[in-house]
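Starting off with a structure, shown below.
Naming follows writing order (A, B, C, D, E and F), and every chain is counted from residue 1.
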């Protein structure tokens, strides 16, 4: 559990690099900071009251709360989590990492133009008003979606769909970058090796994400389920990477490294809700499908006028939906796959999408009331690193 | 077991960076992709039929097979592996990571000139026709080398000798890079910090590689053996790094960072077959020796006409042989060191070398029959990143 | 324990990148090597005699020794450590990683001008003469500080205060860089993304550092204590990152990425001595305080004439002291916080500071007697990478 | 023939290119060469902060655009660059015009006016 | 004295250097200065793909070689560059020859022809 | 008007700037443009080692400083550069002086001598 939590934490620098390599030199620091600062803001929020909201005693299935969980005061060191034989603090931390990574995922859609203070405020409010309730509904034993039987092994709906859809909404709200041209590669990634390294770290961390989530299952199956989740995670990532690469090769005549990396992420996203519930062969199918569909989604999207800079929606939103639905169609445990289960999964997706849309619109309106969301044209032109943070990522050449 | 598997996985991006930093800017993406794509290709192959070939029921000690292992269909979630009390799926994944990393090691010898489609096909065929049989012979309880008593704790023969020798054969088959000049530093590494970071990640991951392999031992010793393997791994890496550094310092007057990093890897390679079988003091010796010998091998080789771009043979081939033989000379468990054991180890090395040579010649002939192995002169000149993948690793300066 | 040790090891490349990104292009390799070479030198020293000195049978509480621990010969594979049920070899390795990282921390203060051979010798002597005794006093059950009841969970005094203070002393001894101008940003970091990635790896590795240290506690509390240490570590890092960022924002009008990263490290340092002894809420306070105080210390220091290149003292020295004292003021276990405990902690800090000052002066005099400490003006001007190591970190553009 | 070397703001390159295309004959294929450089003058760089220490670099990133032209095109090209590069704020840069004695197209070996 | 500035393909630098060495007096120590640049002309860059979107950059990487020469050496040097740099394909670049009024060797302060 | 192009050692830039400031009128705001380049000449680069193989690069990192000046300032500027850039060792570089026919300040459109 603790090593899983540590692995998930490594996803933060992993995501930071994955995104940071894809933007231009002038915006790399602010992009990396988006991920790191989630750790700072949500890291504090989660201990102060986030955990209480998500996993406190359920108030009618809609939200949790316990005064004793504020500041984690009520959790003594040796308090075990439910009957799982692990300390509750370990569970708090594991879940906290999920809460940290989710808003960081969103940042990819609005990179290179969002104002830093606005993103900070957005992160705080969105986590509190959108993430915590969703997590409660799906993962708290008394949450209403959980009670309905919606399956979400490690956060397909709570993390990826909610992040992907919110990213899309926010990208539309903020508008495209000043030099965005639909359908063209108008902005080139400044450091693809960073992006590939980031993908590698994400993939490593994801094993913590998915295998660690086996703890949610009843005691005796937890161990084997972790091994199963590990296997499906690896298999789906491999299949999706291969599928994206090959599809792109056929379609554009070039197998790209960014495609390979994106495929890995797409496969990891899609298997997330299903990891402990499907067989390795099903994982192969889920992965391959998500690789192709996300690739198409990303390319199709690029013809539209909205500008999801780093394709947070195309990968996390679309991948999350594929995974959530296929979980219902392919799971063999804890229930057998059935049309009914697919229906439930669709309900879960619908609730996730709806909550993300409404929540993001509300939160971004709130934020905008306090401080503008978007950087000025001059700031965007000169880069947010130097204008907002007073830093340049690289210093070389002359005079140094 | 699972955390070990995750650690081994991190060796993939680690190796990608280690190699990627050593090539020129124009080939960094394709070099990184060589490692990543092994994860995709072998990741799928292993689940589909690779595991069945290597660890299925032995067909006379020569190869494994079980129809029920195709697609891992026959492995239920709670099926334990032998009597070790770990889920078989965890073992499948752990072994799968070894299968992934091995062809990735080979890619270092042919960097900057191999055609990407040819490498893909090579990886698939080589893993199936060379790696799976070798793994079966050495690690399956019914494999003929295993039965003969050849010791290979974590893959000295199966992984490093086979990769190193195959790398050499393939490098000769493909020919030197267009601007290779024997004995001169004709190609400069474009980003040594990447290489050093890659070495750091490899070293971290190697603990999973070696300590995780303790699971192959009978139950009660597995825990302590893991601690022993950890200790010998760390000690050999430190000793080899120091030895390479000092040797180079005396010999060339400069202690280089690339030498330090190469020493780490050489030590890790050499201790791999011995990790759980020797004392920390023996590990110190194995490390120091491998540091010096690999350093000499690499320099000596560079006077020859063949071009092993990133010294896959000098480090993995030579280091693996040193380790395999010394295992026989220094082990205190599971059998005492003896001349007879050294003889067995030599046999293992011989079989590994022979199989690698024959197998690689056969596989490369097969591949060449389908698609040329080597990039055109123009592609090599302009770099494989832009000509094959339609990408440039870095975008900076003008117009961005 | 073993995974914790592996995590701590990852701190070595993490620190290497953290520091390497902050120096100029011409010194990045030597800076990275400072960290890596500690692994080589101390890695060998620890096995040969370092562990015997620190954890051998106590000679009157002042130093340990056991001939049988030389080369770890006396530690059989299945020898358990005390009564904790873990193999002693695992403990040896875990402690070894601490010994490796400590001199690496010091290197930050003297970057860009120390001679490489002098640093090598310094590392060897300092670890033997300063680190091993201190570790014995504080962590050996018979060490005199341990017996007095000084608390140091995971190395606030032994690692961070001793490294930070030694760094300061050494920086003063060696003198400022040739182009250092007090109070000005005279040297710009050449690659901040490396620094941020390094901070991410450090933070990941720190969980091993702190959570792994729970093994020092009596059996039954070890598990829960690890979860507590994990929680406080994460919380303090988040709070300190936020505090540094906000303080800097208010004070200089810019939230910097380097500030965010520095805050993470400051928080991790400050919580180190307290991790398993305080509540999450206390950790929040310790983190926030250390973020602000270290930020002030670093800025205040920069007006002085001495040149601690990468602020090893401002972060590790100051952060370590804050943590050590607050441990006494906030701990709830193994003893209740009290004025007396604060007194004991102050004593520990005093002893750490005193030992570091005297020890570093003595060791640097010894080193200087053998080989000059400081690079020549020309070497410093042209960069240590090319002049000392015969390498350049990056090759690009023309002719490649 | 003249050689025009203009120092401009990096972010004005696109505008300069647009203007040049409209006055030079080759349309899409108008010829020029661009280099990075750093300039010192009245303009100062933006403040940078490193752990609380501030610095304001005096050297500012610029681009140098080089164009070889026959005499008749010099004035239109200068005007085009002025239109594209001017913001009216300190730091807009300079245009230098120097004599060009000969010009050779490497591909064909053509020389002088028709090779420009 | 003349100043030769040649824009060439990066991969032809070695060939150009070889040719220059054979016509200039100093053999191994022939003098020149090289800079990176990007050129716009008839040649187009190679297609790049980013997540399925294509772009074909108009600016192509080139090198600029600068050589100061006494008049007698100008023609041989131009010919040498032509031999080394020509591939016959669009994008081979240009050679510009401009007058050089004075040349000073910094180390010695020598001026004019003998300082070149 | 003249255009001065000086190739200097990177580490002498500061000294050159200091000297230039003292002879040019604008003090803090003296104008110049700097570019990176690599030079070939009598000086050789420092030995580099890659896994035991050695290489000694012939191209050495330099900076090119460009300054446009009215005639009266040329000689003082040349002397200033000589003072700042000279170390007396092989590799100090060169100063090239070429005629400048026109100079335009982009911000204002001013031309000639007063735009320099």
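By our rule, contacts are C-beta pairs under 8 Å (C-beta built on N, C-alpha and C of every residue); 3 or more make two chains touch, one makes a residue touch a chain.
Nothing here was measured: the structure is a model prediction, and the numbers come from that model.
The minimum number of touch steps separating chain E from chain F is 1. At the interface between chain D and chain E, two copies of one sequence, fewer than half of the residue numbers in use are shared by both copies.
For the pair chain B and chain F, the distance between mean C-alpha positions equals 51 Å. Averaging Cα coordinates per chain places chain A and chain C 33 Å apart. Residues of chain B in contact with two or more other chains: 3, 187-189, 191, 252, 254, 256, 258, 389-392, 398-399.
Those residues of chain E in touch with two or more other chains are numbered 34-36, 38, 47-50, 54, 59, 98-99. Within the complex formed with chain A, the residues of chain E that make contact are 47-55.
Residue ranges of chain A in contact with chain E, taken from their complex: 183-189, 248, 251-252, 254, 256, 258-259, 262, 295, 298-299, 302, 311. Of all residues in chain F, those touching chain E in their complex are 2, 6-8, 35-42, 59, 62, 64, 78, 81-82, 85-99. Here chain C touches chain B in the complex through residues 1-3, 5-6, 9-10, 12-14, 16-17, 20, 28-30, 32-33, 36-37, 39-44, 47-48, 71-73, 75, 77-78, 86-87, 89-90, 92-93, 96, 116, 191, 194, 385, 388-396, 400, going by the rule given at the top. Contacts from chain F toward chain D in the complex involve residues 3, 17, 26, 29-36, 66, 68, 98-107, 109, 115.
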